[in-house]
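The structures come next, written out as structure tokens.
First chain A sits with chain B, and in the next complex the same chain sits with chain C.
Then we have the complex of A and B:
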């Protein structure tokens, strides 16, 4: 996308997706499918919308955008998501 | 590739664990794509629209800090004049500073004129985007950069302004209070507010990791504590009558909420701190009693 000013300053909807916020992360959420009861609380609680439902009803984390806030891990009723220090 | 189907896109610049990002997600989830959003200056606007990007997958317009309700009024009037209002929902989403302080005159005017729109205040209890200055939404005894606690002061001297009651006094057909910590409650209320004809108001409590001083993983936990201590009552008010109250199952002492945040930490060490905490407990008890929580 051009960064030149356009008339009305109009920009593309949803275009922040070009900015991969996964690089902000210090702690990485690790999802353990075997413990998951598919309640969906983590998906709803993620401010980055990066917990994605898979075809089998379980979840995967999109690390391109996950900032490592840890809300999903804190809210999960089954301690299914573990936060681990990420070495880069 | 971005995989989410949510209308509020990732890649925005909100802090890790941001309350306002959660609020935006829930609002768009509740209302769907047939809406037009107006956002005044503040964290939400700044982090969701770094030019030339936008996190919004719905039509969105930035107003000035002080005139979101006026711009929303204009959007509504224009759609009506063009015969295109139909089912389109109009939502203005402002911070506590934008709503309770600087935008209150325009907001009052818009409600007085009776435009068909919903105003949502995302209340993180200070001017966060400019560095945590006190607003009319800042609670009693919180330390902010303009009400610093220290030898001469215990923090913010004044109580939090009761904004929902002010909006109610405008004769609004639907006023509700909710929290980002209760997504289903929040989504139900926002949806309902946009479905009721006329000017409606939803006040959302939003714990801010950066401004309040707690770990970003606790955003929802803190919001829950505010409700469970009765410091933040959640209710529906329809045509002036309270029609629904979120009942507290297990009421907690306010200390549990206060000690989890840096902005109240001084209360546990300064002389007279215990008396201030007692006053805060009295505020909570008053809420519990008044609203039958």
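Then we have the complex of A and C:
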């Protein structure tokens, strides 16, 4: 894809791979592995597929695309995910 | 010599749309445009427009939305509307221009409600001025018909890719029967190449049109639309010449003039009133009055340079408007002409008049009255910059 803008805002699929929407975030989710019981509710509830299961069954957060909505933090039964004001 | 046929203005335009070989026509009736889409529905039903898909949609909002989908998929599209129908399309008009889709739509100019009026003025299309559409205005049914393949050729240019309204006056031109040369299919095929857009919606090669633009890139998309309009300034002129070469008819490019070269009083107008003004000017010239006419054919893009050049030797400029910006008490031509002359060395008084709103007749005497007021203003200066010339004070 050309780096110049295409008329009409016409884009090919996958353009959000390039546009890292994590910059929209105001609050950043901080995952605390020691509290996690691996229930997977955070992964299921994330609207952006930004919570990714690791090989050991725990989770990590993809900050490139996480917009900081806080749903994971709200849904977690063990308060494993803390929302912290983003510093930029 | 081409054969003249006496037809209704709407038929002439519908026939012109037919020979441009549209692929999709989403249509919704509204007075005084209805006859255009009625004629096209007959053509389509009789199989006279090839494989054209004629869609009877449930509103103008749906019509313009269907136009966008079809055009994005690579179809040449056509529709026609007016007044409240055009206003209902308002939101989607921005999407068409923003997505750079060269839709062609005839606007049969009509007044806006309320109060309810089905008759002619230019308020409907003027109110859509900033939607990013090209707007051309025709003075008679022949020009309106001839304008149809011209606007396709202009807006489908890959440097332009903007939608266009071909405007002609409701009832005065849509419903008049006049001798017209119906556009020949073979000449139109020679004049207008098939639509071949660079980008189309295609499931096997998916793309998103009009995608999200954050504050970092939004202005650049608007600027690129402006570049398209700049390209149209040249293209409108060359297309008018190419049309003349093939069909042998010419109405001006961006503008046209009548007794303009040595005119002291320059009247500026658009649409069907041009014909009345030309007749009056023939009389006034016979009396030795140096009056000329500047016909604005392209309102968007606005031909600023051409206008400056055309009026620079005048003693007074008199824009005549079939629209009003309420709260400024002047019409769109008046505002734009004055803006075009500012920051230049041209220092010519501009005396604006509004008339013919809601279909009120514009008899020759009214044009003569305007000219005599302009003569007085040359001597005494302008007291009122803009006003209704046909206001019925006795009703107020």
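Here is the rule we go by: the second predicted complex is superposed on the first by the 74 of 88 C-alpha atoms of A that agree within 3 Å, B and C clash if a C-alpha of one lies under 4 Å from a C-alpha of the other, contacts with A are read in each partner's own complex, and residues count from 1 in each chain.
Here, a residue touches a chain if its C-beta (ideal position, glycine included) is under 8 Å from a C-beta of that chain, and two chains touch if they have at least 3 such contacts.
What you see is a predicted model; the values in this text were computed from it and never measured.
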{"item": "Chain B versus chain C as contact partner of A:65, first or second or both or neither", "value": "first"}
{"item": "Which superposed partner A:9 touches (first chain B, second chain C, both, neither)", "value": "both"}
{"item": "Partner chain(s) touched by A:75 [first = chain B, second = chain C, both, neither]", "value": "first"}
{"item": "Partner chain(s) touched by A:37 [first = chain B, second = chain C, both, neither]", "value": "neither"}
{"item": "Residue contacts on chain A - larger count, chain B or chain C", "value": "B"}
{"item": "First, second, both or neither for A:84, with chain B first and chain C second", "value": "neither"}
{"item": "Shared chain A contacts, counted only where both chain B and chain C touch the same residue", "value": "6, 9, 11-13, 15, 19"}
{"item": "Complex contacts: residues of chain B adjacent to chain A", "value": "2-4, 6, 8-14, 16-19, 21-22, 25, 48-58, 60, 183, 209, 215-221"}
{"item": "Complex contact set, residues of chain A against chain B", "value": "1-3, 6, 9, 11-21, 24-25, 44-45, 47-50, 52, 62, 64-65, 67-71, 73-75, 83"}
{"item": "Chain C partner contacts - residues on chain A that touch it in the complex", "value": "5-13, 15, 19"}
{"item": "In the complex with chain A, residue positions of chain C that touch it", "value": "98-101, 161, 199, 206-214, 217, 220-221, 224, 228"}
